[in-house]
Structures are given as structure tokens and as C-alpha cells.
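One chain, chain A, links the two complexes that follow: it is found with chain B in the first and with chain C in the second.
Our next item is the complex of A and B:
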């Protein structure tokens, strides 16, 4: 399957990454070779293998409903580029 | 042209766990902003979410109560999008293998029962809260990671009234299960609606609008009514409906289009690699099913047949689990179901509603109410005095007999005391006495009222009325 520069642009936009023209061409090529590899996997006969979302080692990992200490507000907001009144401050967002 | 409304509801119910879905931060409403967060719910690199066993259990209880088939294998997925209420830039949710599929909810609208299908129920985490101010937005992540159960109805709701009943039934069930507070104003129950119109008999659905931002049951009904009218007007004037998200504005009573999205959201779901899947055996599912309490509709039917109550009374008593339990505890002590029901749905409901509290927070034990009812039936207290006494009992938590002794509330039935009372009423209200004598029968009831007021409710109203009439007629 061919990946165009526009496909690469769309994926970059979804991930909010700014790419130059050169980078777009480079990544479009690389994405294409990844897809080709997946296409090659498709040639395998997997009719006797059941689909898996995970490696089948673990299942049903749960924790009890107990409260643990949260971080201090200072620690939480310490990494924020901007904060105000105990909140993270971000550019105005209205959907 | 008549149209048929088609509505589907998407409800998010906050599960009442003590800690969040995937970390040990407290899941509490109203704490100082960003005081309940940690590396897991903030999505710091290297942190690992682990599912809260109660969140899974509560989700399963709700799914089973809604007659869904719980899936033997389910998993979590990442729903990717960028918005500042989402610290990880993805929400942990369930996509193709949700907790439960295919159930139904039964509602009653104007006496007729109707089943509304439930497509699916899945677990996910809540997002943070945004506050929009002039020039910027503020983010509080306390709510991020709180467990939610998303319950999606089939598009089988055909009127705003049915939508209201669906929500009311759902709320009753979730509250009986004790898995959700269901307080829409606090956001522990949230509802979005998909609304469209189609010509009667048409198989296909019309183009829908998605309604958001409805913060009460009434708002859901109002928003749906408005939106159906709006769509009808658009269609009748030859226009077409745009598929868009519209926000309900409580103040103007209108829905308004949000900036419409140029392209459909692409969430790029993929399996959450940090959370292993869940495999449930039939035995585990059955154990949870057996642990379900008697649900409101079944309880209502039982109250009707066992206690010979009418549907209205049984409905009131089963509207809250605590109320139903209180009623049954009283009936267990004194098998006069109808009298107990009247006291609970009347004076007692009045008391806890006007105190803005719930029956379980009142200092009233079933034996205390039963004793009060017996005192009225034995003629020791008038109804009016008993109501006043109930209020006292709730204030102090003390039983009726103690208060009666202390306040000398025993009904005044002896004639001498009554005579003195009536002397005063007649002397104080010459106008009303004249009115009565000139044929205005209503004046008698006014005078009875005055006597009751003077006696602070202690007089026996029947005796007062008889004695007063006798005296005025013989005067």
C-alpha cells in the first residue's frame, strides 16, 4: 500500500507534530515500508491462531479499592509551564 | 407533515469507588483543585495503571441488572485525542470488546410498559475539569481517572417523556445497586442524547444531532423538546438537518451548534498495552448476579401484591431503597401497611424534603414512627399534634412518649378544658361568630382552626367542631 505525503501529513497532524517537507517525504517512505512488512505478515496462514490483544501471560490484574497518598499540589503544579489558583493554566479552549 | 422522534441516550455513571479507576488517588468531588492526582492519573512516563476491583465489580453489577450479557473476555483500549482535560492525550476506555452487550431497561409511560434496548455498557476513566475564564482556561485533574460506566441505549426512545422515564428508571436501578450517586447536578450522572426525526413507518434513521450539556433530568426533557421542534421546523421549511453536536443552554432554553468539526474525529483506538485483559468465568458472573438486591420494579410489584398498596403508593415507597427498607421495617413491627405508607409518603416525606435530607440521615427508627401512629389511632394524639411531634422527634431523636410527657401534648378531649378554649375563641372572634349565625357555614371552620391554633394542635378537632356547632346553634 502506497503512503502519500498527504497521508503522512494527516498522521503528523493527528499526533500534533510539525514536519518539514523533507521530513514528510522521509516518513512517508518509512511508513510505506512498515506497511509492506505488515502486508508480508498477512501472507502467513493464521487460521488456526485465535486473535490476541495481548501476550497471553497475564490476565485479571486487579488492585483493592484502597486510597493512597496523592502528590502534593506543589509537586503536581511544579512541572506546569503555567499555573493559576491551583490550576494548570492553558490557552483558552472552547470546542 | 408528522414526524416520528427517535432518541438514543448515552449515559455516563460515575462509579462510587473510594479510589480512582487505575490508581489510589481518592475519587472525591469538591476537593481543592489538583490535590487528588498522582503519576498514574497524570500520565507520567513509567507509571502503570492497575484496575480497581470495585470498579469492575460495580460495572458488572450494573450490567447484569440491565439484563446485559457480560462478556467472558473484555479488554481496555486507548482512545486518542488532544484536549487539555486529558492529561495523557488518550482516555482509557473499551472499544471492540466491552464489558457487556445487549440488555434492556423497562420503563412505564402513562401506565404502559415499554422495553428499551441497551446496546452496550463499558468501563472507562473520567477526564479532568475545565474552567473557562477570560483569555485562558484552567484545568483541574482531580476527576481524571475516576471510573465511569458508559451505558448506551438503542435508538428506541420515541419521546422526551420516555427519555425522562428511561433516566429515572436507570437512576433508580443504579442507586439500588449502590454503585452510583446519580446526582446530575454534581455530574455523577451525565447524559448525552442523539436525536433525529423520520417519517412514520420509515425504516432508516434520519440525520441526527448530538445534544450535550444537560445537567438535570428536566434539562434533558426540555432540550429534547426544543431540539425536536427545531428539527421539525427545519424539515418543514425544506431544509436538511446537519449532523453536529449541539449544546443545551439552560438560560435561553435553546440548543446551539458547537463549532462543527470539519472531519470526523479519528480516535485511533488500539489495545491498552498497560492493562491485561479480563477473563470472567460463568461461575464468577453468576456469583455477582446472585448478589444483586431486589430491584425497584420487582420490589414495587411485590409491595402491590404483598401489602395491597396501589401502584402510586408502591411507586413512592420504592423510589428510594432506604425508604422501602424503612417501610418494610415498620410493617414488620405493626402490620398496618396503608397507614404506615400514608405517614411515610405524607408527613415524613414532607419533613425530609423540607430539611433537604434523606430518610437514612434522619434520627428516626421504625419503632418510633410505629409508636406515633399507634398513639394517633388510640386517640391520644390528634393528627395535627402528631405531625408536630414528628418534627420534634426528628429534631431531638427522642421517642414520642417522652416528648408527650414533657410537652403535655396529650389530646385535649375533656369537656371542661374544651369549654374554656371555646369561650376564648368565641370572645376573640365576634365577627366570625356573626358570620356563622348569618348563615356562612365556612366561618365555623375558621373558628375550629383558631381553636386548634390556640391549643397548639392539642385539641381533638372532631370534638371542637361538634362542641362549637352545638354552642353557636344554641346561643
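Our next item is the complex of A and C:
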């Protein structure tokens, strides 16, 4: 399947990466050849197979709803590039 | 023989007999590091040699040093995944495996280089510098846990931890001539491991022989309520699996792994690797194993399945690196979306971007069913192939990698060729099984060759039993690089 520079731009927007023109061209070309390779899966008839999201035979793992210690606000915010009054600080979201 | 050449259990025995002191061991390793680290560059950063007060941990490992891959969180120490996007991040907690190492009395000596976010098979995708193979400095150490493998191979560390999503412990172990084990999915807690592909990732040990490897797995394995996919099973005493014979053990050799040329892009299995494996199989027969050819019919689809699922999971996991909670942030933007986009553009390297793009594409509207859902179904077929074979066999033997270590720069421009170098290891992650790579020979150019042993779910004991019996009858594991 052909992947254009515009297709790559759409995917880059979904992934929130501000790729350069050169990267868009390069990735469009490389994605095309990788997709061509993985299209091999279309050879198989999988209509009667159930998907395996992961391998262990686990059912829902539940725990009692009890209060436990967690990290302090200071420890969590200590890694934030910007914080203010106990909150993460980000550029303006709403005009 | 120099002190750095000994294995961990040999050193512990010498300590017990008071033939040497902890200070002598640490001094010898420091000296070794000064000699070889400028050439190999296995570490992203070191901790100063721990002082004597740290040497008497309660667990019996007496302060012996261990290196840790730089994607495992250690409280208040930097961790980067060899990425710029995590610059400045200091985890506020220890990974479960780190708590266990500390409790067992290990000294955490330094954090090792890797492909950025474990995306790669050569360590060349580190955002800092490439690591080199101690057996030949022009060659890669493998990846993504290349720094951990190289550090153990050249005697900078006695043990190391790595992580394995598609071969990232086993392939560098094979390239560097050491032992590397990927435990069964769920055997070791992933809490505090920075996630690449959550349904495939496992933390595992590097060591220079099977006994050291089994000692370290025993320390890090076990149920952890903080990882909801960790298995609530008791951990066997793996030492009991050593020293047993393998008479009558049924070993399967998957024919697809020896005939496979996978695709036009791959040259297929190197003659020297094939020959080393054939000799190893003969040796296993001499030791009394019953060896028979088996078939894993969906092998040829594994690389495709893996690169859909692993990148889909990675694109989702790496969405958290957005400049808000930790790490890098690009300033001078006036809205949130631009801040995300420019931060991620500045912070991620080329392979990380490529994989995020591929994963996002496979999950995007209109392609989800054709790629992601189909890949999950083929994953079930691949897991069933193994389940069928393990009804009749105790373990499987394959090469770890189709070739010995390749040269730096050889595959970096061709992502698909790099992906295909994982062809023998990725199916095992897709099926969630345990597998180990052990040294089984050398190429004519003096590069190590690795043999992979694969066992059924939670049967690491079988891996250790077969591997130790083979190791005991050969001397590949005693070879050390002349660096």
C-alpha cells in the first residue's frame, strides 16, 4: 500500500510529533516497505481464531478497595518541568 | 586468573573461605572498568564504588556488584532509557526487582547503555553513544540490552539485569558470549520497568554461567501485587536443577529455524551458526537427550506479528512522554498541542519516532482490524504451535541469532533488516515462554555464537537443567575476550 507524505503527516499528528519535512518523506517510504512486509499476514485465514492480547491465563485481577500509602504530592511534582500550587503547569488549553 | 574473570558463585565461595575480601573484589572490578570502559562504553553512568557499610547486605550476595539496564527505576537515581526525553527524571520509587536486589545484598554498580526505549538490536539507537562488542570493537554488542551484555562479558560487572521484549536479553548475550535468560511472562515483576510493549516485556538476568544465572533469577522472580500480570506461583530453588543428567529428555529442533530465509531482506542462517548448533545438538545427544525435528508452522509470520503488536503497544505506552509530568519540555509555545508535538519531536530519536509512527498507523481508524486485530489472532496461532510441541517435548533448541555480531553501521540504515535479526527470539515473547541463550561456539572471526533453549510456560527449571548439563561438558563459557 502506498503511503504518501500526507498520510505520514496525519499519523504524526495523531502521535503528536512535529516531524520535519525530511522525516515525513523518510518515514513514508520506510513505513511503506514495512507495511508491505507485514501484509504477509493477509495470506492466513484467521476467521475462526480468537485474538490473544496476551499469553497468561489470567482473569480479571482484583484487590480489596483499601487505602494504602502512595507517593507524596512533593515526590510526584518534583519531576514536573513546571508546577504551581500543587498542580502540573501546562500552556493554555482554552482561549 | 584475575579476579574479574571469576563468576559470582566462585567469588562468593572465596569470600566464604576468607581467601579474598570484598574490598579486593571491588578494587579489581574498578581497575578492570578503568581499563576497558573507554573502549567498550557499556555504561551510561556509574555509582561510586559502594562503601564498606553497604557490603554486608542481609541476602548473602555480600555487596557483589550488579549492573542494571537503564530502563529500570532506581529511587532518586536518573533513568533515561537512553533517550533525551527522560532527561532530568529521578524516579521517586524503586522497581520491585531493585528492592529485591537491595534486600539480597547486591551493590547496584551502574546503569547500562541500551537502544532508546529498547528499540533496536544493536545498541546503536542509544541517544548518547553506541556500545561496542568486547570481542571485536568494530562490532555491535547486540541489543537492546547491549550495555548489560558487554559489561558482563568484559568483566566490568559480575551480573547484570536486562529486559527482553523480542530478544533484547538473548541476542546480546549471544553476541557477547554470556548467558542471558528471558523468564516466562509473569515470572518477574515489571513494576518499575519503563514499558515498551507491556504484553511482551520481561526483566531477566545476564551472567557468565548457568549457576550465576539461576542464582539471580531466584532473587528477582516472584509474585508482586503491584504488577497485575505477575504470576502468583512459588519460585522453585533453581539450584536444584543443576547437576542433573539429561538422559531421556526430549528435545525438539524446529525445522523452520534452520531453513528459514524469512524474506529477500535476510540472508538466512549463517553457515557457521548452523554448524555450531549442529555440533551442540550432537553433544546433547551424547549426553543422553533424545533429539527430534519438530515443526512450528507459523514461524514465518512472527516478525510481522511482532512489529505490529510491539509498535502498537509502544505507541500507546510512549504517549505518556509529553512534557507535562516528567522529563524534557520544549518551552516557548503558546498552546498545549504544540508543546506536546515539539517536546516529542525534540526528545525522541529516529527509531523511537519510526516505531511510534508504525504503531499509531496500525491502530488508526481503518487499519485496526487489518493489522492489530489480525496480528493478535496470528499470535494465538503462534502460541498454539508451541503448546502443541510442548505436549511431546521438554524443550526446544534453536540458534539465538541467525548471525554472529554484525559491524557497527551495517544495518542501521535498513530498519527491516535490523528487525529481521530478531527472527529466532520474537516468537518466544509472543508465546510468553521462557528461553535462555548460552554460548555454544565461535565464528572463524572469533565472535561468540549462542544457542537458545526454549521451555514450556514456567519451566525455567528445564532450561537450567539442560543448559547446565551442556555447559558442564563444554568450555565455551570459560572463554573471556582479550581486551
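The criterion applied here is as follows: the second predicted complex is superposed on the first by the 84 of 95 C-alpha atoms of A that agree within 3 Å, B and C clash if a C-alpha of one lies under 4 Å from a C-alpha of the other, contacts with A are read in each partner's own complex, and residues count from 1 in each chain.
Here, contacts are C-beta pairs under 8 Å (C-beta built on N, C-alpha and C of every residue); 3 or more make two chains touch, one makes a residue touch a chain.
These figures come from a predicted structure and were not determined experimentally.
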Contacts of A:73 with chain B and chain C, given as first, second, both or neither: first
Between chain B and chain C, more extensive residue contact with chain A: C
Which superposed partner A:84 touches (first chain B, second chain C, both, neither): first
Which of chain B and chain C A:16 touches, first, second, both or neither: both
Touching partner for A:2 - first (chain B), second (chain C), both, neither: neither
Partner chain in contact with A:63 - chain B first, chain C second, else both or neither: both
Which superposed partner A:49 touches (first chain B, second chain C, both, neither): second
Partner chain in contact with A:40 - chain B first, chain C second, else both or neither: second
Touching partner for A:92 - first (chain B), second (chain C), both, neither: both
Overlapping contact positions on chain A, where the chain C interface meets the chain B interface: 14, 16, 53-54, 58, 61, 63, 71, 76, 88, 90-93
Complex contacts: residues of chain C adjacent to chain A: 88-90, 92-93, 185-186, 199, 225, 228-229, 231, 263, 265, 298, 300-301, 303-305, 307-308, 315, 319, 322-329, 333-342, 344-345, 348, 350, 353-354, 356-358, 360-361, 364, 370-371, 373-381, 383, 415-416, 419, 430-432, 457
In the complex with chain B, residue positions of chain A that touch it: 14, 16, 53-54, 57-71, 73, 76-77, 84-95
Contact set on chain A toward chain C in their complex: 8, 11-12, 14-20, 23, 27, 30-31, 33-35, 37-42, 44, 46, 49-56, 58, 61, 63, 71, 75-76, 78-82, 88, 90-93
In the complex, chain B residues that touch chain A: 17-19, 23-26, 32-39, 42, 50-56, 75, 80, 82-84, 97, 130-132, 135-141, 258-259, 266, 268, 271, 273, 275-279
